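Look at the two complexes coming up: chain A is in both, with chain B in one and chain C in the other.
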Partner chain A sequence: MTGSLSKSIVIWTFVAASLVMLSAPTIVVLGASFTAGNMITFPPEGLSLKWYAAISQASGLRQAFFRSLYVATICTLIAIPVGTLAGIALAKYRVRFGRTIQVYLLLPFTIPLIGSGIGMMLAFGNAGLAGQLWPLGVACAVINLPFMIWAVTASASNLSPDLELAAANCGAPPLQRFLYITLPAVMPGVITGSLLMFILALNEFLVSLLLVDARNVTLPVQIYNSIRSIITPDLAAISVVFIACAAIAIAVLDRLVGLDVFLKSK
Partner chain B sequence: MRPSRAAYPMRWRVMDSLERIAGLLWPRSFSAGLPYLMLLPALLLVGVLVWGLVEIGDSSLRTLDTSTFLMSENYTLANYQRALNERFFTTVAGRSLMGSLIVTVITLVFAFPYSYLMVRTPSSALRKFLLVALFLPFFIGQVVRAYGWLIILGNQGMVNEALGLVGVSPIRLLYNYPAVLFGLVQYMLPFAVLMLAPAMTAIPAELESAASSLGANWISTFRHIVLPLSKPGLVGAGLVVFTLSLTDFAIPAILGGGSQDFIANAIYDQFFRTSDQGMGATLSLLLVAVGSILVGLVFMVFGAGTLAMGGDRK
Partner chain C sequence: MTQFAGISIDKIGRGAAEVPTESVQGNSMSAAPAGVPQQETAAAAAVSVKRVSKVFGDVHAVREASFDLPKGRFLTILGPSGSGKTTLLRMIAGFDAPTAGDIYIGGQPVKAVPPHKRAIGMVFQKLALFPHMTAAENVAFPLKMRRHDARTIPQKVERYLELVRLGGYGKRRINELSGGQQQRVAIARALVFEPDLLLLDEPLAALDRKLREEMQLEFRRIQKELGVTTINVTHDQREALVVSDEIVVMDGGEIQQMAQPVHTYRTPANAFVANFIGVTNFLEGPVVETSDEAIVLSVGGMRVNGAAGGTARVPSQGELAAGALRAEQIRIAPTVQGFSGLGNVVNGEVRDAIFEGERIVYEVGVPELGGAVLRVFDHDAESHQQFGPGDSVALGWNAKDMYIFKK
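Moving on, here comes the complex of A and B:
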């Protein structure tokens, strides 16, 4: 970066403010989870792990967490085959009405989340699926599907059509070409995409709130319901689970594709 | 002579039979249809959304009969009339639109220097740090982040406790309009930076050096070089931030405490408090329409390829 001192000062002031805004809630939740007091106070009343012990005893929170894991697993299991096939098809072939299909597949992003959620709530309700957990997994797969397709098509550019032709020339039939040539080439995209799908489904709040009834809540909804009454440190401890998941996801993502990929211009 | 087992190993046998099954299910003469077959599951999955929209459309044309609490059998446009005329809904819509506009401006002001530094810094460690700081909150989810803000800003929160130590009486920092806007800004910041960064990467650093070697100070370099060239990124980020803020539920619900409802909260209340499914569906459909127009604008500015998804590689 070139430029004067004043430029650095101005830019760094904004960036520092942004960093505080972005990180303050995370740091505070982390800190609050280790408090020894019964209330979240400032300055903290000393360190302890007692709230972690408390959440390991609280069956409500634990069950909510397992429900979230279940939903995220279903969402990922659906999104992997569906998104991979669609991504490869979009990247590899010249499809008729390709543009229309792309716009259609982007509907989950263009329709506001509350609209998608309400729509699926009415639709699943009419189909007699209301209150169950697995339709929520499907719903999460639907609303985040473009991420999966995007990740796969992005890595499908590594795939040279010559490779498949060469394999065919050596006598490999279609299925083998797909399994041994095409699939390995897009694998980084599949992993990135499924990671995104899993973590986003784990965190999904609004659609969970709309689709699931009060006895079957997922963890984000459970936290939401609890913070409306009283703020106790056990919620901070359970929130750390989300922070840990996010940190792991970022580490894996950085390892696999490098975070810098998001800076590239097309 | 007995053929050795290695000549036709198990793996090949399995593969060959799989090939044969695949060939039977989808003969070679169908191969032109293969891409469509591969797209079919995705098309069906997204079809769930279309089905949902149809259900919303259907509900929006029915009114609630307040004597029986059932939806009317016949279709009417009464809900749309109410949505556009009733004071309460126009107030909520106005508050959401105004709020999203303010949030968009503030977010862009903060996102611009952030992505500039992230793109231009020579230090890859700093770049990675800035990226991680961006992704961590993005992956943590809205509820946990809003919970963090409750701890910081609440009546017995950290800020007020700290003020108490120096003898200032507690200030009500939460459950008001600025709190919601603040929450939205920090929620939208990662989206805005990630949409701005590619546009900034596309600006050659030499242009800035050229401007400064011709005597421009950094402010005029920014005004005449960086700002105009990053306009596509700014427009895209602005539209995305505006749409997402306009339709957000969690931040107004948690940081607004029920007194600062946005459109999504009003929709939720129609369904779960008033139980007026028709009215809720009408508001949802209107919001979907506004959102689609905004995203349609993004597409018109950038082409559908930007947010997605390959297809037209050069």
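Moving on, here comes the complex of A and C:
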């Protein structure tokens, strides 16, 4: 009895500590954004929405936010076809060098982001694309593609090979089998993967910093630049908007397919 | 090669040769006279499998399988797992290509026809219903893919859902249906476009016994109602006996026998078929005497009278042979009194008595037969004396009920 009591005390302490540590930054930013004063402080000095009003006026921040959305959209549009087809192929067929491809897909994680970022900076620079926005979307798609593939693979490996045979038996030619049977069956994985890709590209900082020139920055870089001069509570407010975007995406994901699809993926 | 009533197979059993002509339905295929070219039989058959083999690596999954199935008949391919029955079915469906041999459907060779262009309905072992569609969408899928008039599709779907007794269930999603209901959706989907041929790949294997037996009768009813030619694959001998017009028994990739259920059961072509279907005792020993009517084996020094089994070659004198004897063909009594008419009478001791409800299964040790243990059914426990372990009993059976196969 006492054993199980002390065990549960330990476990609950752990859980509480983890929750506090994980949520503290968000809570601090959230609190600071509502401050009525002119400095970022926590706890806030009084309550006010004036910094939210301020960011709605600040065209620099707003434009940076739209640039981030643009990059995230490009990244997602590239990742959906590439990641879906690759994920299905890796899960369903005995692809030649399948193992090698899977290990290769881990590389973007094992190579430090700064390394791959510099590589891409050089590559895009040589191609004369440096400073533009859309290459950043491509870069984010390349770096984060494993997430997309994993999400699709998780759905596709639950897929019974009999389903396509059954569709063939029903008279469906190969393309129809893919469109009507395989694709809907892996759709949860595709949705999960694309939302993740969107969020990751929206939040991407380091690669943005390296690839984009100073007049064309994305939101995380814009915030970073502002911190280096004066730290005002409008940064906290824009961060909250940012966090809200990610939270909405996660909520949409949970609503559409359930988070367990992603949690189950390898 | 024997040809008879549209059924021609290379390894024919005695059962097939005894098929009564009047039992064959349909067209003018009654008792084709000897010498009719093979081609004509093939053209008339709904499905014709000719010397089909399938090799995976160095495994011979199917070896020289041949049979003709007339239109409207219900054929079951029966065999243990690994016997090649599912491979044969997949080749008919077009999912695998034969390594050698040809398959004809409706008289046409189908070698070059991909699965989606074959007019075959199939119920898969794991059903393979489309999980993201409703029951009605599943049933409508073959109609859409086969470009049926879109205006007629809802009516057809409803009609086939009613046929499988799922009227009104169309809007349910697949995971909202019970196992038996999913089974019925799979049947409706396989039949809705009125295929020339229905294939069943052990779809009942996963069901519990009661539901399985109900669905067996359901398959039988629907098949009779629509008259669709059907090939069913199973390892369940009872299912094969209950549902089929014809049974093909397969083992080791080869067809062992093709016959009507009653003949498969009563006159098995060889020891494998005798052993696989029913509860069968085997008594082994050398042949000591052969005549037109009877074969005598020496089992543990005792003479045992039997009849020639289904094999083409009767074992000759001195050869080692096995006598197959069904558990229900043996009579059991306290003494040999009343067994005077039987060709074989032995004394034994009950080792075990297993009560199975509708019958009692006795295991009886027989010292006279070299200590062989025979399984004996007593169906009518009421009027008989019941025996317990250790009781002395007499066993008797007719010589004609014991088939002698060469080893």
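By our rule, the second predicted complex is superposed on the first by the 248 of 266 C-alpha atoms of A that agree within 3 Å, B and C clash if a C-alpha of one lies under 4 Å from a C-alpha of the other, contacts with A are read in each partner's own complex, and residues count from 1 in each chain.
Methods note: a contact is a pair of C-beta atoms (placed from the backbone, for glycine too) under 8 Å apart; a residue touches a chain by one contact, two chains touch by 3 or more.
Keep in mind it's a predicted model, so treat the numbers as computed, not measured.
Clash-free side-by-side placement of chain B and chain C is the outcome of superposition onto chain A. In the superposition on chain A, contact is made by A:167 with chain C only, not with chain B. Legend: residue contacts after superposition of the two complexes on their common chain; A:227 is shown touching chain B, with no touch to chain C. With both complexes superposed, B is the one of chain B and chain C in contact with more chain A residues. Once the two complexes are overlaid on the shared chain, A:33 sits clear of chain B and of chain C alike. Shared-chain residue A:218: touches no atom of chain B or chain C. Once the two complexes are overlaid on the shared chain, A:184 sits against chain C while remaining clear of chain B. Of the two partner chains placed by the overlay, neither chain B nor chain C lies in contact with A:68. One geometric descriptor of the composite model is the angle centred on chain A: between the Cα centres of chain B and chain C it reads 90 degrees, in steps of 10. Using the contact criterion defined above for the overlaid structures, shared-chain residue A:176 touches chain B and also reaches chain C. Shared-chain residue A:144: touches no atom of chain B or chain C. Minimum C-alpha separation, chain B to chain C, in the superposed model: 5 Å. According to the touch criterion, the shared surface of chain A, contacted by chain B in one complex and chain C in the other, consists of residues 173, 176.
Here chain B touches chain A in the complex through residues 15, 18-19, 22-23, 34-36, 38-39, 41-43, 45-46, 48-53, 55-56, 59, 109-114, 116-122, 127-128, 130-137, 139-152, 154, 156-158, 161-162, 185-186, 189-190, 194, 197-199, 201-202, 205, 208-209, 212, 217-218, 221, 243, 246-247, 249-250, 253-254, 263-264, 267-268, 271, 277, 280-281, 284-285, 287-288, 291-292, 295-296, 299, 304-313, going by the rule given at the top. Within the complex formed with chain A, the chain C residues making contact are 93-95, 114-117, 120-122, 124-126, 128-132, 141-142, 145-146, 189-190, 193.
The part of chain A that touches chain B in the complex is made up of residues 1-4, 6-7, 10-12, 14-15, 17-19, 21-26, 28-29, 32, 39-43, 78, 81-83, 85-93, 95, 98-99, 101-116, 118-123, 126, 138-139, 141-143, 145-146, 149-150, 153-154, 156-157, 173-176, 199, 202-206, 209-210, 220, 223-224, 227-228, 231, 235-236, 239, 242-243, 245-247, 249-250, 253-254, 259-260, 262-266. Residues of chain A that touch chain C in their complex: 160, 162-163, 165-173, 176-177, 180-181, 184-185, 187.
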